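Read through the structure below, which is laid out as structure tokens, and then see the notes.
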Amino acid sequence: MTKVPVAILGGSGYTAAELLKILLRHPGVEIAMITSRQKESIADLHPFLHCRLNMDCEPFDPDHLQRRGVAAVFSCLPHGASSSCIPPLLQRGIRVIDLSADYRLRDPVIYEQWYHEPHQDPHHLAEAVYGLPEIYGERIAQARLVANPGCYPQTAILGLAPLIAAGCIHRTDIIIDSKSGVSGGGRTPKLTFHFPECNESVSAYGIGVHRHTPEIEQVLSDVAGQKVEVIFTPHLIPMDRGILSTIYVTPTRPLEPLELQELYQRYYQRQPFVRLRSRPPATKDTLHSNFLDIYVQAVRGGRLIIVTAEDNLVRGASGVAVQNFNRMFGFEETTALL
Amino acid sequence: MTKVPVAILGGSGYTAAELLKILLRHPGVEIAMITSRQKESIADLHPFLHCRLNMDCEPFDPDHLQRRGVAAVFSCLPHGASSSCIPPLLQRGIRVIDLSADYRLRDPVIYEQWYHEPHQDPHHLAEAVYGLPEIYGERIAQARLVANPGCYPQTAILGLAPLIAAGCIHRTDIIIDSKSGVSGGGRTPKLTFHFPECNESVSAYGIGVHRHTPEIEQVLSDVAGQKVEVIFTPHLIPMDRGILSTIYVTPTRPLEPLELQELYQRYYQRQPFVRLRSRPPATKDTLHSNFLDIYVQAVRGGRLIIVTAEDNLVRGASGVAVQNFNRMFGFEETTALL
Amino acid sequence: MTKVPVAILGGSGYTAAELLKILLRHPGVEIAMITSRQKESIADLHPFLHCRLNMDCEPFDPDHLQRRGVAAVFSCLPHGASSSCIPPLLQRGIRVIDLSADYRLRDPVIYEQWYHEPHQDPHHLAEAVYGLPEIYGERIAQARLVANPGCYPQTAILGLAPLIAAGCIHRTDIIIDSKSGVSGGGRTPKLTFHFPECNESVSAYGIGVHRHTPEIEQVLSDVAGQKVEVIFTPHLIPMDRGILSTIYVTPTRPLEPLELQELYQRYYQRQPFVRLRSRPPATKDTLHSNFLDIYVQAVRGGRLIIVTAEDNLVRGASGVAVQNFNRMFGFEETTALL
Amino acid sequence: MTKVPVAILGGSGYTAAELLKILLRHPGVEIAMITSRQKESIADLHPFLHCRLNMDCEPFDPDHLQRRGVAAVFSCLPHGASSSCIPPLLQRGIRVIDLSADYRLRDPVIYEQWYHEPHQDPHHLAEAVYGLPEIYGERIAQARLVANPGCYPQTAILGLAPLIAAGCIHRTDIIIDSKSGVSGGGRTPKLTFHFPECNESVSAYGIGVHRHTPEIEQVLSDVAGQKVEVIFTPHLIPMDRGILSTIYVTPTRPLEPLELQELYQRYYQRQPFVRLRSRPPATKDTLHSNFLDIYVQAVRGGRLIIVTAEDNLVRGASGVAVQNFNRMFGFEETTALL
């Protein structure tokens, strides 16, 4: 098999580490380059890579990437930094999977409203494909620029899509209460993520203003064909990884358990990484895997509770990035992910 | 000060341990007796008590308690066991604070519906006072039998009471999403609470069927003067202690931030253990304390999000039990609790 | 590639779960059978296996295994149970890798001294090969019965072997202070491993009497060609996985840093899973991998401190079991392990 | 009771928070002032203080402290900063308990050797009393300047003192392997203490060079009347609080268990905060308390293993600081500490 030469931008964080772990198992990938401002050996940045990957990080230079024959770039740069590096890559014919939030929102007005600054590269916003394979699978295969989805949004969107698509719930009465491990906050030390602060504690944050809200709404509105609105509240949980979302919705008509079950089964029948569970999942069931688990139950008054679980660094970031890569470069969707 | 001789029934669990820790600081209490089927030294059951409390556990015997002059009993027995021990104590004129769920629901029909067995002592149900001082403070002072409130219900009830009392939210559109540390599950080893199962994981449980649901509804209906219905979903969080409840409600009319704030301040103005916070609380802020913290915020569409936090073993169980004891025996409400 | 049909005995515990995770990635293995007294679907026992392995556990029956053509058995049964199932398998020509402690000690007298009961199958003790590939690699390839090594012993033995082989430390002045995650204690709920007991706490256990002591001494004595004695103290750490061993030894002559380094490099030059580190490793560097990391440093008075780290379920149990399997069945040593 | 007005320097860290928690329970203390460069309300820095302490932090000014009538200062400033603030306080007749390391080592040459910079206030080194009440109790009562002991050293010194005083172990063959919770590293965010880095991991650090080594040796040499040398290796454990030290020593003559036991009992008979345990302690037994637990056991070859446990923020810092304060100002030694 000829291997696809790939580069990773921003090698020092958790999504880059997870991506490298997955790509080292990918038979069709050659890691051609890793960029970082920290010009260290990648194994010094991520000690688990000792004896597995012997490579120094290099400064970002689009010409340099081109000369190395890089065909695909995974950008693990922070929001903002990503959209300043990606245009020159697209110009050179390099396909990009962007793990930052920069190209997820199609509308620059909504971007500015939630990110409080104008978008740096509105030109490519329309072209970017939202990288959720279960929703936009066909378009991802052809995309030059894939906006890899946020960790929280996937748990919300995939938990709700079958109901939204079937038009059987109220589109503006949706509550998403999410619980995430600390790695979702990135690798930069902050008081919030200092061990003695967040260990043995749970708290809500970003109430009413979290930037994943418009991302969830944009995709669900695509699925619905009309505007969907959600209330989204994230919480910080004292664990490394994992997101559990508990979603509360109101059906527009009574739904029998069997009907519910079939609705979900039909929607996800060809999706290798969505698992419909008959009991509420624990995030641990999905740890270090690319699976997203879904459980649905009707409760008093007909309301539905949907519980979804994923590993925020694999399914929520680097795993789905490789799933997108597999679609873009003609590999079996599950390659390196099982 | 003459000391009140108290006994603790069921000394081996976490609520008994926490109670002992608090009572050892109480200037008006003499620990006269601890019962347990495990006839060990209490310090062998709870090693933190070495050199602090030198006492052996004894079998339960109501005559024995009476002969020792016990005036107050804290029952830390499991649900079911409690209601078989309490009647003979009441008969002997001993006042009881029951930390189990046995006397919390006034209606034996509702009890049977949620606990799937008939109540063993329906006779005393009507007499028992629900031990939430912020709601039933006056009655607690006079009570012979106090049903100490559940850990989850307190976070829900105190978060909602001001709005319910003011009649400004829809009484059947209330969602309570709660997150609890593992000690809430008690001290009996089970796979669910085995460290490698629940560590690094979060999960929902008891969806739609958790027994704290009718408890919350009973008290809120008292506050409202009419029927209140809630959706309550508990989650297991990898930490020792702490409950955070995120509550979603819909106002019946627009509420200004200032009005909201005053509503809560007025309702809790004389309550030493309710703190109104201007930022979302972390459970750690309340760790090992009897405080219950409340934060309220309006979000899109006018919906309100209320976040409440407590330590499930102190405020959620043994701390509020001592708060009740203080009211019953004429001590300052905060004695031993600050 | 024709696949080797393998069976796993005792499918409900953590080592079986980890083994299945690894074997599902092994191109040369067919999982033919899983036995357990719990006749459940394996995915109900280990929910991470949903959609990955659809198989029910079956009762143990050696004839049944033979009829299925099973060529290799991994026994994940508890100590004692393993040695009662293995003889009939060997009789039927099935090769066995035993993850229990039953065949690790060659001398039944020493077994009885540390396990306080006579060995059930002394007949096969002499034949069993201790499954530490870095020490007994040649013999493992030919073995019918491999006694997979203990989790702690590997960190002690591999940390000490180069020094012991070179004869440059005092053989009876060796202190091994080990720290282990809770999964090392197995999956059976016990108060010791109940989350609120062991979380936020560290303690020593088995001081002076832990059964891994004679195992460490047997192998190091093999390496030395004469009797080696160690002091071994294990500790329980509030984490799922990982063992860190801090080892204190006294050289018989001064050792220069460079000499030390070369000694270790030479000893492990062909070993793909031993990493010599230039800084003290964290157990997290080895999490979910088959690597064992070693760091050596001379301190005051010439004494040496050796720090070793591994994942107790992979390198410490199921990973090294597959490494042994690879050697026994002619696969590349690293197959399914990178 | 007239209250002693006290000030706390450096109010933003963990030792200050713990100190405030204890002092709020002290009937003989008035918190007159808290200094910090962060001029915030103390309850904003430490949210658990809401409704408990309503006070703003102020800049440090010795005249200001004097005018407020402050009689005692607890310095929670970082190493280095402390010794620049303390001289002007002593000059003004204010007694100081310094929780930093600045005045712990009597010899400025040894200070410079381990801290790699000259001491800023060598003048007061000789006067400072090392604040370990079980060793220097008499002198502490009279001291103007108490150097509060390090968290690790207390576990080492108190575990060894009875044996050292009795002269029955080899004074240069002492190994101290310590395990500490993360709060020991302070409250400043660093990658090492970032939750996803140190959670689910254990590692050794400061091997051979940790600054608590000379502190342990100085005190044990005082006890011995001659030079004592130790090997000290600290480890970082994924928990908030607690230190467990496992200490390995070699007796100079055989010691019977009973003799050992009596040796320790005699040495600590009047010490209210040292508990001799008959089973190995867990750090959790001492959590949030001022107790230091000790367990001793002889193992093979006559070697002794001593296990000690404490809460690093209470007994290891702020609790013992109040114990010292109680001795200095004539309070019962246990005031506010039980």
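By letter and in written order, the chains are A, B, C and D; residue numbering begins at 1 in each of them.
We adopt the following convention: a residue touches a chain if its C-beta (ideal position, glycine included) is under 8 Å from a C-beta of that chain, and two chains touch if they have at least 3 such contacts.
Note that the structure is a prediction, hence the values are computed from the model and not measured.
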Of all chains, the one whose CA centroid lies most distant from that of chain C is B
Write down the chain pair with more C-beta contact pairs when A-B is set against B-C. A-B
Just going by residue numbers, which of C-D, A-D or A-C has an interface where over half the contact pairs are the same as at B-D? A-C
Quick one: chain B and chain C, Cα centre-to-centre, how many Å? 46
Intercentroid distance (Cα basis), chain C paired with chain A, Å: 36
Report, in whole Å, the distance between the mean C-alpha point of chain A and the mean C-alpha point of chain B. 40
Could you say which residues in chain D touch two or more other chains, in rising order? 181, 197, 199-200, 238-241, 281-282, 284, 287
Residues of chain D touching chain C in the complex: 172, 175, 177, 179, 181, 197, 199-205, 207-208, 229, 231, 233, 235, 237-242, 244, 246, 248, 280-284, 287, 297, 299-301, 303, 305, 307, 309
Residue ranges of chain C touching chain A (in the complex, touch as defined): 24-25, 47-48, 50-52, 200, 272, 275, 277, 281-282, 284-289, 291, 293, 338
For chain B, which residues count as touching chain C in their complex? 14, 181-183, 187, 189-191, 193-200, 238-241
